[in-house]
Amino acid sequence: MGKHRRDPVTAHHRRRLKATLKASKAGAAPGTLQYVGQQAAQPTLATLIEYGRQDSEFLTTQFTSLEQGREFKPTYDTFWLNLHGLEDVSLLQLIGQRFRLHPLVLEDILNTQQRPKVEQYPGYLYITARMVALDEDDLICSEQISIVLGRDFVLTFQEKPTGTFTAIRELLRNTESQVRKFGADYLVYALLDKLVDRYFAVLEQLGERIDELEDEINEGLHPRQMQEIQQHRRSLQALKRGLWPLREVINILQRDEADFFHDETQLYLRDVYDHTVQLIESVEALREVISGLQDSYLALQSQQMNAQMRTLTVFTIIFSPLTLIAGIYGMNFEYMPELKWRYGYWAVLALMAVLGIGLGGFFWARRWISREYFR
Amino acid sequence: MGKHRRDPVTAHHRRRLKATLKASKAGAAPGTLQYVGQQAAQPTLATLIEYGRQDSEFLTTQFTSLEQGREFKPTYDTFWLNLHGLEDVSLLQLIGQRFRLHPLVLEDILNTQQRPKVEQYPGYLYITARMVALDEDDLICSEQISIVLGRDFVLTFQEKPTGTFTAIRELLRNTESQVRKFGADYLVYALLDKLVDRYFAVLEQLGERIDELEDEINEGLHPRQMQEIQQHRRSLQALKRGLWPLREVINILQRDEADFFHDETQLYLRDVYDHTVQLIESVEALREVISGLQDSYLALQSQQMNAQMRTLTVFTIIFSPLTLIAGIYGMNFEYMPELKWRYGYWAVLALMAVLGIGLGGFFWARRWISREYFR
Amino acid sequence: MGKHRRDPVTAHHRRRLKATLKASKAGAAPGTLQYVGQQAAQPTLATLIEYGRQDSEFLTTQFTSLEQGREFKPTYDTFWLNLHGLEDVSLLQLIGQRFRLHPLVLEDILNTQQRPKVEQYPGYLYITARMVALDEDDLICSEQISIVLGRDFVLTFQEKPTGTFTAIRELLRNTESQVRKFGADYLVYALLDKLVDRYFAVLEQLGERIDELEDEINEGLHPRQMQEIQQHRRSLQALKRGLWPLREVINILQRDEADFFHDETQLYLRDVYDHTVQLIESVEALREVISGLQDSYLALQSQQMNAQMRTLTVFTIIFSPLTLIAGIYGMNFEYMPELKWRYGYWAVLALMAVLGIGLGGFFWARRWISREYFR
Amino acid sequence: MGKHRRDPVTAHHRRRLKATLKASKAGAAPGTLQYVGQQAAQPTLATLIEYGRQDSEFLTTQFTSLEQGREFKPTYDTFWLNLHGLEDVSLLQLIGQRFRLHPLVLEDILNTQQRPKVEQYPGYLYITARMVALDEDDLICSEQISIVLGRDFVLTFQEKPTGTFTAIRELLRNTESQVRKFGADYLVYALLDKLVDRYFAVLEQLGERIDELEDEINEGLHPRQMQEIQQHRRSLQALKRGLWPLREVINILQRDEADFFHDETQLYLRDVYDHTVQLIESVEALREVISGLQDSYLALQSQQMNAQMRTLTVFTIIFSPLTLIAGIYGMNFEYMPELKWRYGYWAVLALMAVLGIGLGGFFWARRWISREYFR
Amino acid sequence: MGKHRRDPVTAHHRRRLKATLKASKAGAAPGTLQYVGQQAAQPTLATLIEYGRQDSEFLTTQFTSLEQGREFKPTYDTFWLNLHGLEDVSLLQLIGQRFRLHPLVLEDILNTQQRPKVEQYPGYLYITARMVALDEDDLICSEQISIVLGRDFVLTFQEKPTGTFTAIRELLRNTESQVRKFGADYLVYALLDKLVDRYFAVLEQLGERIDELEDEINEGLHPRQMQEIQQHRRSLQALKRGLWPLREVINILQRDEADFFHDETQLYLRDVYDHTVQLIESVEALREVISGLQDSYLALQSQQMNAQMRTLTVFTIIFSPLTLIAGIYGMNFEYMPELKWRYGYWAVLALMAVLGIGLGGFFWARRWISREYFR
């Protein structure tokens, strides 16, 4: 089977476990902020989008350093500050001071292995969620998105730019779009909606891979397939583990006891909530498909063995008596009358032929030998 | 095994996933209504049935376009507007304006992959449910039915005409029928009752298929059967997934906190509720049957192998010593006294016969060989 | 294996599913009463038992037709009207009018596939339960018992006479018996207690069958046993499915929010409740036994195969070298010195014997061959 | 495998089921008390221990018959009446009258197959629990202990003397012991604590048996081991089924809504409660051990088969060509030049040796043959 | 496989069970304190750390005996008394009297097999938790930590020094550290946080072992691997069993109904709580990995057997006809014309070669023989 490639799911899992461990160690001495993720190539980039209801009330600013950051003062009704890259801890601390974020919130933003959760602080809601994707090995990888929702602002923190929210930025430019017309709460809804859509895409991709695997298994078994079944099972489990707390987060937002969301936006959140429920059901359905696939694999394995055993048995049964007959007439007794017969040899050959064909026909009729098993 | 046909359950599942994905993408920009299902052949058709308690108070109107639709004004106590085909988004929007339906309701009507749910809006209840059927491959397929219940009207939205509600239309013509005498709430009960009956029919069909499969397996194993077991398992899972939220929907309606249902109708809803509970139990029972079938399949597979192994072993044990004896007397030693004996050959043949029959009899007595295994 | 007899559990299940389907169809047009069970041979028979506390206050009346029924007027404190056979819908309707039963109650009485439930109506409680039995194929079959409990009367409806309640009728004749002394509520307790006792009897029978099956499996495997395991598993599932709602029914009666039961009787109901809990535990215990039996069956199957494989391997290992030796000395080379030796033949025979016995002894010592595997 | 001994767990289970059935039948006519357990050899024995706080306030009385029993009048603060053997129903009835026990309590005392429960009656609490032990076949057997706790007295009812409570009797003689100093409620705590300790002992024994079984399986497989695995699994299930209601009982006592326990004793009950939780966890841990053992057993079975198959394959591969060569040179063609060669025989022998050793070495190197598989 | 080493998980489990049993026996006579753990080498050592907010307010005292202990009187705001080694029961009793600890608390401190729990007593909270580690056999072992939290003091009790809390002691020396600035409640948070971090470390180690095992299995199967799978499964179960009550403990502390924690500290406890939730999820993820590993192991076992069976069948099919042909021409009939042919021998050899190569090629083409199976 050649060299074994380390199972990437496990590898991913360990990466995450290690990061958590690192994060947890860092957390033992609160007050010292430290980023636990992988170092990205590009520098930290903050994008500030300010907008009001009027056509002219729209402004985008970008800054990458502390100095630039010091100056930002939003001019219009609502603004959205997005941060790509979390290495620049000092910039983050500045933002933390400016918006009076609790030290634990800053820690959670940097500790990028959080479960999705929502926490209420005075003056703002802190939401973490995970953006999923399939990497080149068809493995689930996920990135943490932290969202802070205040009365008239939204802060988002990502490890690296993924382009998921580009569409929303475009919509914001459009004065007629609902996201522009409604407030900060609707913007958060739009962001979460995008996040949930990513799950649909990932699930669709995974479903395709599983279909391909099913076709492959039906063409012929290979031990690698069993490994893939296990890998997909783990991927689905990982998705499920991510979706359950996400559903809970959206459920909490929808009930919105802290009154950050307008009634209208709450209706939209209910819609996203329905989507997460649907996603969980789809994950369950795929898990059943995977489970059935494993059962099929094992049954096919067993059936292959049956076919081979059958062939072996049939061959042994046919050739054993023929070989015995040949052996008998190969004995060297002096008095073996058949050996002297004129057509003894031919008679024995005929006997063998009859016996062989007879037994073969018998098994053919009983379907112990059939063309199907020679595919 | 020849060419593998793609497992249709998976195919169906992916179709649904894709539609959901499409719907979810469409939903990202609320306000733009878009139908996500398959385009039907026939055009959108709206049927309006108005009726009162009097014999003469019954009127049926059909219209297919926006212009015709503009005119409808119900004259009698209660009316039921049914819409087949959802492509004509403009007609739907007109209806939405006329009955003050929330944009999200219109979206949900068009996004035909909803889970069964009930949502209360000011002035009306919005109910979605799914109408199940078995397609030609014995696969579960389902169609969304959206129901809007107001104080004196019922709106229903279907993708295509299925004839399920024809019987109710007939009953409505009959002044003596309960559905005619009672109000709009009873009509909704009647519709849901019909929907639930469809589940009974589908379950009955599936039960028959499973019985046939069981008979087949007992006649002889074939790898295709394992695939069918998996397919039925998934179908039952799909039914179960559809029934649970449906039960919840009916439970909510029965408690009826918004007072849309009369006390008498609530008793009837409790009856439908009992039916869904019974359906869920039947699904569970069939799932156990399927599960036992899989166990039987694997045990039979194993038992077949045992029988073959037994046969192989018996043949080997019987023929090995006989062949050895023949081999011994086929040796070319100069001094082998038995070879010179007058009846040596016959003695050896007799020895072989005794040995062979003895061993065969031994195994027959121990039931290692029996007629049963040659079936 | 001969002709396959259709698995009776499935058959039974389908019968029930069909009846439910039929019942559910009938239910679509409420108001039309229709009996969905099998037509019984004997006609409908109503038995009226009236009793008071006094010795003389006891009267039994039987009537089979509408005309006779019209006349019954109870004279003493409490009366119990029992109906065997449900074909005579008109008699039932008469009773319904007399006791002001809701049409849905009459429907449920006729639709004999109900789950156990209790429903409160003004002036009476409606209880359905199921009377279980094992049929001649050791399959669970069950019959619906409907009980209506009013302040001073009890109505019971059965499909056919089963003799289960005979003992209670006898006790009623006895002025000293508690059932005579206490009121209608105690009579209902006594009926339910009898019903629950039937479950104990059925479980005991099933336990015996499972023990016999266990003995059989330990004597020798047969594919039929696997089918029996599956059948028992389904029977136990069926019992469990019946017991859970029955427990719930008794629990509701025991809490008795509608005050139909005296405090004293409630204590007795708690006793019956404890019995149902015990029954559920016994069913669980038997399910574990069955589950272990299946594991044992599969392990034994595997172990048999191991034993055969072992025997085959041992025989092959012993005879292969012997046959090779015989083959070698059967070669026709001109210069084979051993062939000329005076005792070459005997030497080779001795060599073979030593080799054969040596290998055999080796395997015996390693327990690859042992008497145990030849049982 | 010789004669099959009936699986004792099943046997025990049926015994219990039968007793329950009997008890349940007896219960149909309340008022008639009847003992359903096995008849013990020794007669009923009542022991009365009266005690106060003072050194002199301690008195033990024993009586075996109704007449003796009539006289007992406790003289000190608290007394504990213990009854061994339940055949003497009349004595029990006397006690029942004396302490105003409800008939259902007397029934439950005699019906010795109760689940652990606690029931509150006016003036006393009725508690049933089960005392577990392992019998000589390592099977769980259990005996019912009924406890009645009044304000200043404790009644206990056992089927036969087990010596479990001897230590408590000794402690009672000691004026300094807490059980002597505190009241009747503390005595009940002490009794329950002893009962729970018995579970620890039984679990420890079972754990040892499972360890031994594990060692045995690692030394060599035997079908009997699979049966033992099943037996232990059932024993653990039985323990679990007993512990859950016991935990509930102690939980109810600890909350003590009827104020039978002092605050201090409640703290001790919390301690016993913690013990039951720990016991349930230990049972779960052992169940996982057993479950893993079964998986190991099956994997080892499969691995044994693999080893045998490997050996068989290797032997067949090595000997098939050798035998063919011998067969070829045993052919009787007139023109076979090799046969005339001077060293043809030796050349062929050498060829065979090279081939045999070469193939053997090949498989040895590939580890198809290794010493490990010959253990 | 040589001598079997007793499975250490079981051994550990039994050790724990025995200690619990011992503890439980000891508990039967409350008032007598007795340590149930293993006797440690070093003597009991009490360390008292007193600290205030000022730089100078920090004092560490150590004492090992009763006499030294009598004198301790804390001088600064907060103090932390840590006890290593629990053999010196008299010292413990002294502490108990000094801080008015309930006798049951002292018992629980000594009975070192408690489940994590938190109990509220007047004036203090009693918390037990377990410190986990992997021993040299990669087995989970755990040590009990008892924590008593008063208004201004913390008492901790450990069986032996583990160095886990050294970092906290260092932080306490630092006037700037949060743990020094905040009160006793924050110290308890810091201790629990350290405990939870240990779980991350253990999980990370276990994850590595499982990865190594996965690599090993993919290189070649060995029965020992199945045992390791079972061992890891049990280890994960043990971790899970420890984490669930720990999560509950932290949850209770976080809600803090007794007001021992400041609001700020409660936020930090929520953080630890999130960590335990994450840990439980990681345990679940690893359990799925282990479960998939077992499935893979069994599938690989089956696939190996398939490969061997395939090889055996191919060899038998190829050599059977060849051997038969050799046997036929080894027969001694007088009239066998082929034997006289000039090139008969060569023709037969050629026939055999054609047949052998043909069959071999056939199977090669069908992939019954392939290089892959000879790895």
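Read from first to last, the chains carry the letters A, B, C, D and E; within each, the first residue is number 1.
Just so we're on the same page, contacts are C-beta pairs under 8 Å (C-beta built on N, C-alpha and C of every residue); 3 or more make two chains touch, one makes a residue touch a chain.
Predicted, not measured: the structure shown is a model, and the values here were computed from it.
Participant: Given the touch definition stated above, what is the smallest step count connecting subunit B to subunit C?
Facilitator: Shortest path length, in steps: 1.
Participant: Using Cα averages as centroids, what's the distance between subunit A and subunit E in whole Å?
Facilitator: The answer is 27 Å.
Participant: Residues of subunit B that contact two or more other chains, please.
Facilitator: Answer for subunit B, listing residues that touch two or more other chains: 302, 305, 309, 312, 316, 323, 327, 330-332, 336.
Participant: Testing understanding: with touching defined as stated, what is the shape of the graph linking the protein chains, line, ring, star, complete or other?
Facilitator: ring
Participant: Which residues of subunit E touch subunit D once you look at their complex with the stated criterion?
Facilitator: Listed in rising order, the residues are 1-2, 4, 6-7, 9-11, 13-14, 17-18, 20-21, 24-25, 27-31, 102, 104, 107, 113-115, 117, 119, 220-221, 223, 226-227, 230, 233-234, 237-238, 241, 294, 297-298, 301-302, 304-305, 308-309, 311-312, 315-316, 318-319, 322-323, 326-327, 329-332, 336, 338-345, 348-349, 352, 374.
Participant: Residue numbers of subunit E touching subunit A in their complex, please.
Facilitator: 167, 171, 177-178, 190, 193-194, 196-197, 200-201, 203-204, 207-208, 210-211, 214-215, 218-219, 267-268, 270-271, 274-275, 277-278, 281-282, 284-286, 288-289, 292-293, 295-296, 299-300, 302-303, 305-306, 309-310, 312-313, 316-317, 320-321, 323-324, 327-328, 330-336, 366-367, 372, 375
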